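Supplied in structure tokens, the structure appears directly below.
Each chain carries a letter (A, B, C, D and E) given by its place in the written order, and its residues are counted from 1.
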Amino acid sequence: MINYNPKDWFTFIFRIHKADTVKKLFPMFIAMAIYSAVIAWLELEVFRLSEKDHIRNITAMHGLLGFVISLLLVFRTNTAYDRWWEGRRQWGALVNTSRNLALKLQAMLPAGHPSRQFFRAMIPNFAFALKDHLRGEIHEHSFEGLSPEEKAAVRSGKHVPNQVAGIIMAKVNELYRQQVITGDQLITINAQLESLADVCGACERIKNTPIPFSYSVFLKKFIFFYVMTLPMGYVFGLGYLVIPMVVFIFYVLASLELIAEEIEDPFGKDANDLPTDVMSGNIRKHVQEIL
Amino acid sequence: MINYNPKDWFTFIFRIHKADTVKKLFPMFIAMAIYSAVIAWLELEVFRLSEKDHIRNITAMHGLLGFVISLLLVFRTNTAYDRWWEGRRQWGALVNTSRNLALKLQAMLPAGHPSRQFFRAMIPNFAFALKDHLRGEIHEHSFEGLSPEEKAAVRSGKHVPNQVAGIIMAKVNELYRQQVITGDQLITINAQLESLADVCGACERIKNTPIPFSYSVFLKKFIFFYVMTLPMGYVFGLGYLVIPMVVFIFYVLASLELIAEEIEDPFGKDANDLPTDVMSGNIRKHVQEIL
Amino acid sequence: MINYNPKDWFTFIFRIHKADTVKKLFPMFIAMAIYSAVIAWLELEVFRLSEKDHIRNITAMHGLLGFVISLLLVFRTNTAYDRWWEGRRQWGALVNTSRNLALKLQAMLPAGHPSRQFFRAMIPNFAFALKDHLRGEIHEHSFEGLSPEEKAAVRSGKHVPNQVAGIIMAKVNELYRQQVITGDQLITINAQLESLADVCGACERIKNTPIPFSYSVFLKKFIFFYVMTLPMGYVFGLGYLVIPMVVFIFYVLASLELIAEEIEDPFGKDANDLPTDVMSGNIRKHVQEIL
Amino acid sequence: MINYNPKDWFTFIFRIHKADTVKKLFPMFIAMAIYSAVIAWLELEVFRLSEKDHIRNITAMHGLLGFVISLLLVFRTNTAYDRWWEGRRQWGALVNTSRNLALKLQAMLPAGHPSRQFFRAMIPNFAFALKDHLRGEIHEHSFEGLSPEEKAAVRSGKHVPNQVAGIIMAKVNELYRQQVITGDQLITINAQLESLADVCGACERIKNTPIPFSYSVFLKKFIFFYVMTLPMGYVFGLGYLVIPMVVFIFYVLASLELIAEEIEDPFGKDANDLPTDVMSGNIRKHVQEIL
Amino acid sequence: MINYNPKDWFTFIFRIHKADTVKKLFPMFIAMAIYSAVIAWLELEVFRLSEKDHIRNITAMHGLLGFVISLLLVFRTNTAYDRWWEGRRQWGALVNTSRNLALKLQAMLPAGHPSRQFFRAMIPNFAFALKDHLRGEIHEHSFEGLSPEEKAAVRSGKHVPNQVAGIIMAKVNELYRQQVITGDQLITINAQLESLADVCGACERIKNTPIPFSYSVFLKKFIFFYVMTLPMGYVFGLGYLVIPMVVFIFYVLASLELIAEEIEDPFGKDANDLPTDVMSGNIRKHVQEIL
């Protein structure tokens, strides 16, 4: 994620940032400009279509459908943003869970009990495991304080966040059986323990479920034909000015689809993705402050 | 569900996928084209309506109602998508519940206790039972580790997911009575146990409740009359070009309704439906990794 | 509720179902047609208003306000649909609660304990009590297994669902005092017990709270004046064609308000209402399968 | 709140109810009519602006901004309605909590225990305390069964609903210490006890937080300038007909803002406010039926 | 936050408040006016473009994109408002948690127990710690009743709200170990204890996550180019009247973006921010009334 000052308009308007859609779409702008120029040249110079030609009124279709396309793009924007924001909320839930788990264990465990050291390492390990898991990666060096058997569990090719959650869950039940924590305390710590797998499942759901295939196909076909037919009608009123107009409209419509595609999977390393590296680090820092 | 790369525009625009609405609507495109051609031919050649004929201004109605029809289709899209997404969330909840149940039981049950084997088979059985139940099917071979009485319960024509949930619930209470798990542990495992029936009920609700009949009728009548009257007015400005325009507008409006119909029941085997087969398999795989 | 196949377009478009707004609004269509015809006749034949008369441009107002009226009707549609859907979700919650209560009691109660018979009858009784209560009716014959005192409680004119919930709650606490169920089991069954009154309260809320009076008045006045002024301006462009146009626009706007009115109270016996009879029956069937 | 039959169109359209925005805005209608007449008279008779004067085309601005103003008013309507509905849901939660508390206590407390009388009076007292508190009033006579010390607590100028909740909470813990209710029962009654303060806090939040100041200012300025500039351009097309048109558009835009203002604080005694008096009375009635 | 009477239209329309966007945008209004005047002067006087020049029809683009820009600004408004409102809800949750914690402890702790004094000071301390933390500040004097070690913990540069939550959590567990509160009571107080860190995490999430960078850039670029090209086409119809029109449209579009920027981080000291100072004070007042 890019940290930025949302009030700095000047830079936003005139600088082309690497995550800017202007940069990504630039080759397409050239293509659209050439296409529009060819259409304009054909209609104006080659076929010399008169003002009364029927093709002029194709603009009526663009007017009627302008509403639908706008609403669909806003629907697309909304659903993509909702995923991004839900991903953020899930990681926020992970932060809260990690802190509450640390706060409760710090209050429950006798001072100096060796399991403190265990949870101090293992709670943040879950966040690191999840972050890498969502990127399809495994980085053993990001874990702390694993015993040899635990390392083997992580390396075994099994689902890593599940393994880490299992290790934590087993440890808590062991402490309960050893009567280090009482049954009442086990009950109060239960919500945090199950939240680990819940956050993991929710993030996997966001990552693995793009909007339905049919919508994605339909929206792309719709944008394509809408923009490709634009110059045909507007050339009569605008002449060669149709070129910048088509490029600008294409910029607006395609940007919305492009940004939506980028943010609907928020766990990668794109410029707009959530800062899961930073957040995992913060979880480690705060848990170590507490425990 | 179709796995696809949402960033691959080229294929989306030019290939006609089998789940594409272009394919499904193709016969209707032909019909609409013929209908528009006939209207155009009648108005232009047979009746030779003059530019001043009142029917020309029927386009005013299409302009006024263009807002309403767009907003209604987006409302339709939103509600259908919400069901699809809620169905996905419910299955995500089932994944989380299955994992948490396995994680907790793995931590609670003594190593090598025979009930481990039981839950290892029975937790995933619930997912398979639900998947088939939502499709109105029963596949006995998809269950694992059923005792003869349990097989009879499944075969009895009763509600299968309820039977499986009942078997799990009874087993947990038996372990509690045998003091294999304590009362505190029973309380911590309760949320997962009741989540099984909750997910099942929510999926049945989504499956059995299409949007109210009146909206469905109204929307179809509205689209039909809107599109059928389109060529009457626009023929004056567009001549025979009214044919592709009507077909394209019909494509946009009907696609939205068609996709909404398809995704609002997301548990079948359509191209856009949720991959419940894969998800049930993953639940089995992960539960077996844990337990 | 009407069970229908949402993919059967043909029937939807050409058949007039009894719940169809076309049927309900038909007398109004006639009235609107006559009104428009009179306006057209007055402007065209009696006053012979010229093309330049100012009244022609009143259409500008319809254009400006077309957006507001569309958005308001969609707002209306959304809120009405949300109530209908929330009503459905509440009944879904009742289904889940009834099943979970049955599943848990089946696992907790000793085989053959007489209270099994009690819950087998009483859990479904709550659904029947609620269904009738939401319609302002009491049908004693729909209850099963009531003792004479319980019958008296139901007949006493008191709030029937509360009485049934009270009977269930008292029985569970009696079993707890008799140590048939333990304290831990009481805690795990608590959520289901309180859900009964919660579902009842939520359904009453939906039933007793239509959208604020001011919106309802405002929306009806707005639709009325909007439609009544429509023919005045459009008669110049459309001549007598203004009659079908006004009727069609009236059909669209009034249908939306009419459907919203019908579905915002979803517990009656209208064609679009929720099938609470069927759902109560299913609850009885499933509870009896389980317990 | 006004009870009304939403299907009675005739009365709605032709009667002017006291809560109707037509009544409240009537003086403004006169003012707008005079203002529009003066503008029309100046442009048409005094300055005799020609058809080609640039001011005629100011209507283009109204077209462009018509979208924005409509969408903003719908945003305003949505947020105001959401508060109103959330207020209703919170009072619904209070109804459910009161009922569940009564149902549980009826099942837990020994028959004839004196605390039954206490809760029978005190649970409804909370609803009355909250209702008056949200209106900034204190009506001692609406409480039942207060001991002298409790009366003093209510009279002390402290936060009354908190005091009542505190009295209930203290009583329950006293019963727990006296072992009239067990620890398991205390746990099952906990959710209802904390719901009291939660409902109170949520209602205070709705009451004390209007939409941000900047939006309120911006929206009023926007409506004002939009409507004031309306007659300038439209006078050319509409002549003196601009007067009713401006008044009607003003009616629509101002009504939406006015209704939003009224319903966003739903706890007062306005015609559209929630019937908290009736609801408090119902809570007392139902609690006394149960306990 | 500014307390205001939302029904006072007159002041809103004619007074320029310091938080008013009119004030903030005033320099930009001047710039836009000069820019529009130069464009108008160039087109009308220098190049003397004829009525038929193609640039006149660039207005078609503004019409088509008017939908998109309006919808996007409403999307922006919605997401910013949602954050502001969620921030308010989180602080409402903190109020409820603090009250419920005080109510429960008052009922649980023996009269005159020294820990009462502790919680009386420490519960409000959490609200003050959170308020300052969200502004990146630490004000030691706003805490009450800290022991020297607690003061050191706060001063240590660690996460202050976490430290305060940790102190409270440790105290409660100490009371539990001393059997001042029982296990059942510990369970009933658990939700409030974990809510402290949950509220803190949610507020940090809102504060640290502006809308994705790409949207922010795209929206600013879009508004800029949309407004800059506005005078080019409209100058033909409006002459020098294009100046106030462009300024007014700029006022509307930029105000929406500006207000959204201001309210999406609601924990600062801006005029529209939440009154966290007042709310912290109220929490202290109410907790001290109760405990």
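Convention: contacts are C-beta pairs under 8 Å (C-beta built on N, C-alpha and C of every residue); 3 or more make two chains touch, one makes a residue touch a chain.
Small disclaimer: the values here were computed from a predicted structure and weren't measured.
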{"item": "Chain labels contacting chain C and also chain E", "value": "D"}
{"item": "Partner chains shared by chain D and chain E (touch criterion as defined above)", "value": "none"}
{"item": "Cα-centroid distance, chain A relative to chain B, in whole angstrom", "value": "23"}
{"item": "Inter-chain centre distance, chain A versus chain D - centres from mean C-alpha coordinates, in Å", "value": "37"}
{"item": "Multi-partner residues of chain C (at least 2 other chains)", "value": "63, 67, 71, 183-184, 187"}
{"item": "Arrangement of touching chains [line / ring / star / complete / other]", "value": "ring"}
{"item": "Neighbour-by-neighbour ring order, given that chain B leads and chain C comes next", "value": "B, C, D, E, A"}
{"item": "Chain C - residues contacting chain B, complex", "value": "1-2, 4, 6-7, 9, 12-13, 17, 19-22, 59, 62-63, 66-67, 70-71, 73-74, 77-78, 81, 84, 88-89, 92-93, 95-96, 99-100, 103-104, 106-108, 182-185, 187-188, 191-192, 234, 237-241, 245, 248-249, 252-253, 255-256, 259, 262-263, 271-272, 286, 289-290"}
{"item": "For the chain C and chain D complex, residues of the former touching the latter", "value": "54-58, 60-61, 63-65, 67-68, 71-72, 75, 79, 158-159, 162-163, 165-166, 169-170, 172-174, 176, 183-184, 186-187, 190, 193-194, 197-198, 200-202, 204-205, 209-218, 220-222, 224-225, 261, 264"}
